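Written out below as structure tokens is the structure these notes cover.
The chains carry the letters A, B, C, D and E, assigned in the order they are written, with residues numbered from 1 in each.
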Amino acid sequence: MKAQTTPDTDAPGAGVTDPVMQVRGLGHSYGERQILKGLDFEVGRGELMCIVGPSGVGKTTLLECLTGLRRPSEGQVLFDGKRIETPPRGLAIVFQDYSRSLMPWLSVLDNVVLPLRSAGMAKAEREAAAREALAEVGLSDFTGSYPWQLSGGMQQRVAIARALAYRPAVVVMDEPFASVDAQTRADLEDLLLRVREHLGITVLLVTHDIDEAVYLSDRVLALGGKPAGIRSLLTVDLPAPREQVSTKALPRFAELRSQVYRLIRNV
Amino acid sequence: SDGSGSDTSADGPLKLAVFASLNGVPAFAADEEGVFEKHDLDVKISTAKTSTEMVPQLLGGKVDLALLDTATSLVAAGQGVDLVYVAGATDGGIPKGQEEFSFANVWVKKDSPVKSLADLTGKTVGVPQIKSAPWVDLRGSVDEAGGDSSSIKFIESPDPLAALKSGQVDATTTPEPVGTVERAKGDLRPLGPVNSGGGGIAYVWVATRDFAEANKETVKAFAEAVREGNALVNDDRELLVRTAAEVLDADAGLLEKAAFPVYAEKPLTTEDVDFSVEYMNKYDLFEKGAPDAAKLVGP
Amino acid sequence: MSRALKAATLVAREIWLPVLLVAAWWWLSAGSTSLYWPALSEITDRFVDLWFFDHLLEDALPSVVRLVAGFGIGFAAAVVLGLVLGSVPALEDATRPLVEFMRALPSVALLPIMMLLLGTDDDMKVVTIAFVSTWPILLNTVEGVRSVDPVLHQVASGYRLSTWHRIRYVVVPSALPQVFAGARVALSMSVVAMVLTEMVGSPGGLGYFVLNSQRTFDIVAMWTGLIVLGLIGYAANKVFGLVEARVLAWHRGYTKQKEDQR
Amino acid sequence: MTGTKTAPAATGARSGAVPTGVRRLVNRLLAILVALVVWHLFALGPGASSDFPTPPASFRTAVDLAGTGAYWSNIATSVETALLGLALAVLVGLPVGLLIGANEHARRSTQLLLDFGRTVPAIALLPLFLLLFGATRDLGLVLILVSAVWPIIIQTSYAVGEISPQLRRVGRAYHLTRWHLLRHLIAPSMFPFVFVGLRIAATLSLLMAISSEFLGGSDGLGYVLLQAMQINDTERAFVYSFTAAILGLLLNLVFVLLQRRVLWWHPSVRKGGAA
Amino acid sequence: MKAQTTPDTDAPGAGVTDPVMQVRGLGHSYGERQILKGLDFEVGRGELMCIVGPSGVGKTTLLECLTGLRRPSEGQVLFDGKRIETPPRGLAIVFQDYSRSLMPWLSVLDNVVLPLRSAGMAKAEREAAAREALAEVGLSDFTGSYPWQLSGGMQQRVAIARALAYRPAVVVMDEPFASVDAQTRADLEDLLLRVREHLGITVLLVTHDIDEAVYLSDRVLALGGKPAGIRSLLTVDLPAPREQVSTKALPRFAELRSQVYRLIRNV
């Protein structure tokens, strides 16, 4: 099931045939300071949307509003047609501050297992799922370690494994690959694409890497301005399946890449 | 011989310690009426909760003379605390005219089946503490009345009257003026007075031997002043009530109705102390053996 | 270094100072005739007489049982209450005056109330010990619960952890170091409560032994009682330390291991 | 830089879940009302047999007592002793707690002594203190010291473990001076634990001040409490006990307010801001 | 003052004429697990060296050993000829775990000011220095905010400002630009080059971005293996001054870039 986006590359409020999330007039202020204003967009089922924008523009705030972790000061977010109040079932989040999002008193495995346990998965099954996810991010050897015994990039991968093992319908990731090396990053990107292909999950991903945004996305949402609004909602019309070398070699890739770059630049 | 600097021959005022109870009232009265002054004594009176708290203060030189009950002082002496009895403070026994309601009484609930002290045999009785003066007095009185005090179950309570009212004990003993307060309320019934000190001396003025030896003259003068002060309050009830009201921070009208003990006017003799030692010994107060009465009376 | 040697140095590090002080005490008090400061040799002689084994079984054991029961109840109550009050700030705010009030109730007021409600027997003593040991743990638990890293709360909400899992795997472990600090404080306060409660009701128990020795001026016996109290305290804290080392293993590693640098 | 410190506290960066103003007062009054009703029922029920005073009766007595100067001067005396003793306990407890918290060797060497010492209650040592200090205010101060110092030592030594290892490294890397380390790194990290220690110690100080007056017979609330009990004036005794408890309450509210001022940045107090 | 590196591009132990740091037989183990082994290299005065390597290889560990924050289990590090025991004066560090390296009870300004204060700088001077550094990283408007009121990227920039305001002789940075957007990243890179040019400071920088490593470095140190050793110590012979567009357009840049990529890849 792939996202069916409108061909129009620059119409923010454009409808999506089967939206998972509908954002209506969303705005948020911290105290007096307005951060987000008048956001309207939809996320299609199975879509992979990347959110880009300068540091401090409000991406994390937007994700918090979308997932129900924060009550927006204006507007609303519908998840499967229902207004979001608290994080809905089947949603997994990878937090930007990954190191603090892991529980230092739980081993790596237990950190991944915990949400599954709450979801009521059987013991054997959840252990297997957790081990599998950890293996996918290359941490098979560290299941018994504690998060604080891992390097930054390894901690980040634990957070990713936790989200993937959860088998979510929607996964929201806030700069999930910021602390890993280029090779691991590429591997994780492809893992994400693969998982999405298999399970048809919807992905919302904040990234600072424009190549990454273009390579992964069905659409790229660029935030900008003060207070921030939607700069553009760009459909990425690169063919699927994507592949690190060949896709990035396409002339259209370079085109889109510089288009996004320009979008962010002139904020 | 104990504690830090036993400043036994201090030049400052004579430091007295008494209970904030009716037993201590004459000391305050004597001070107010200038009796100590007359004997060339400059005194400073402090109060303590019980006799037990005064002994260390005596030994540490924080207090020169203390008003103790005979039981506590004899127990201390029996344990080797080198004390000297300077003067009697309160006579024990049941004073004339107080045969029904005295300075210390046993109480039961109004509707209690207990009719006499002898009935307390096998009952539960509340006392502030076991092996103390009230405890000995109660046992002595029960035995005298023909009961068997060894079968009584004793319960310690900081507030035995409350324990009696809430039914945790069958009887308790309490000194004045609490009894008078209770009599007015009428929930409880006095069973009769206890024979305090077994009829001997009930309270005494005590110093450490070191202090008494080093300050013979002062101690002698003090003993005289005490007897004089005691005589004064024995004869002047109005003075007694007024001073008691001040010391206890209580209503004078209430104290008017209270039964006061008789304060000792005669010099203390070895026989008096001997009697008390014998009496206490009956109730096994002396674990290490009874103290020597002759040595206690001094200086 | 061999295992035995390691253990020996560990023990040595812990007892050199006490041994030194006891030696000094022995030496300084030798031949003392003072009533309140008897010679240590006299105390040790009496100690053997008294505590092996009559008073150990008659007085110390029942006291320890009451202590353990009271502390246990107090601990459980405080943690449960602390979790609730810590998670619901409005409730904590509203009840704070009451909590502070009860905490500050003098024992002379507290004991009669307890006696009124529960009589003069063990029930009253255990409940009073529980009451007294609750407060330090409660205050610490409330603070500990409220100090949980907000990011972890986000994780718990984001992954829809059940309330029980949130408590069990997020809130409690995070608050645990502070709960333990409170429990250590409560432990010493519960011994005070034990002594206090043994001042009332039917005589007996370690606290009663000490107080009675004071009242009968058997000061050597009092000293032996104080030593037993201290030893019990030491043992209790050791047990505590073992539990804590197990439960807070991650915390030691977390704060120390990153510190093996220097 | 101190100017900026209070700004966020004033602009509502406080715990959002606590209702503000009138609402909060109403909640508290409601809680107190419930407690009063329970007390009243208790006084009429199980307490009736032993003259347990009812709230209205106690209130009348309290009003009578509050009209006397002695009542207030006794409060002043007790509070003064308590605060002096508390200051003493802090002065001793904080450095000791820091030392044993920070230094493994110091901790091990003193562990037996401290565990031993803190389980021997002050009241069990009363005769020794009476011998040394007499029934003076010193006695109160010493009793407070030997009771209130433990919570401070324990909480402080635990607090040392709460200093973030990452921040310690920042301190070392940037060569912060000892004072700056203490003032800007160690102290703020330790506050949440130490404050609770202070609150426990404050209550203990007040309780021990009153106990020492009660047992030793020096002036103050404890002494008048003893007097009231000696003439079996339950109502007055209750008012004195309750006064003590209310003093404890007020003292602690001061500490809580202080805590909120000092810890406004802490997750337990601040509003939002996970990052 | 520029680093004088040997022309040899692949000789790890190669001497440097004026070394600030000399690493001799460095190795480190966590418990039983050996992470680093037999590292020998030197860092020249005024040099900018980037350290690259896969996630979890031991880069952060290496930096900790180099700065005296961690005692290596083998070998030694000399700083200005003296064995390092504790972080030497004149050294600033930007930690990977930036969010936890800021004090939540100090405002952004005070976080930057504190080290200067400890160094004994006068009040007016240190405030000016801190404000200037914050302005350089684009946080002029947030001096009065508290770290937990900032976005991840902003926190990271505070940590960078703290290091720069300190006017160090050597600055050690652990993935300092991981959480900022491409534009800000480019700006910060150029800021770093500028500061280094002006003050002649030595820079050691861990990065996962190969473009960044090549663009910034005089030499690139690639770590690899298990336990990790020096894969290669590559001299970057791109002309100075570097410029985002023109330098990256050079054919030599692309060459070096793929060379480094290959180095990391076949670990």
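Please note the rule applied: a contact is a pair of C-beta atoms (placed from the backbone, for glycine too) under 8 Å apart; a residue touches a chain by one contact, two chains touch by 3 or more.
What you are looking at is a predicted structure, and each value in this text was computed from that prediction instead of being measured.
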item	value
Chains touching both subunit B and subunit C, listed by label	D
Label of the chain whose CA centroid is most distant from the centroid of subunit A	B
Chain whose mean Cα position lies farthest from subunit E	B
Centre-to-centre distance between subunit E and subunit C (centres being mean Cα positions), rounded to whole Å	50
Rounded Å distance, subunit A centre to subunit B centre (Cα mean)	85
Geometric centre distance via CA averages, subunit E-subunit A, whole Å	29
Shared-contact residues (touching 2 or more other chains) in subunit A	30, 60, 96-97, 100, 149
Subunit D residues counted as touching two or more neighbouring chains	46, 50, 126-128, 131, 166, 169, 214, 229, 266, 272-275
Junction residues of subunit B, two or more chains touched	2-3, 52, 55-56, 59, 158-159, 162-163, 166
List of subunit D residues in touch with subunit C within their complex	15, 17-19, 24, 27-28, 30-32, 35, 46-47, 50, 52, 105, 108-113, 115-128, 131, 147, 150-151, 154-155, 158-159, 161-163, 165-166, 168-169, 192-193, 195-197, 199-200, 203-204, 206-207, 210-211, 214, 222, 225, 229, 237-238, 241-242, 244-249, 251-253, 256, 266-269, 272-275
Subunit C partner contacts - residues on subunit A that touch it in the complex	64, 67-69, 86-87, 89, 91-93, 95, 97, 100-101, 103-106, 114-115, 117-119, 146, 148-149, 162, 166
Interface residues, subunit D side, partner subunit E - complex	1, 4-5, 7-8, 164, 166-167, 169-170, 172-177, 180, 184-185, 188, 265-266, 270, 273-275
Touching residues (chain side subunit C, partner subunit A) in the complex	149, 151-152, 154-155, 157-162, 165, 169-170, 173-174, 250-251, 253-254, 257-258
Subunit A to subunit E touching residues, read off their complex	30, 52-56, 58-60, 96-97, 99-100, 149-154, 157, 174-175, 178-185, 208-210, 261, 264-265
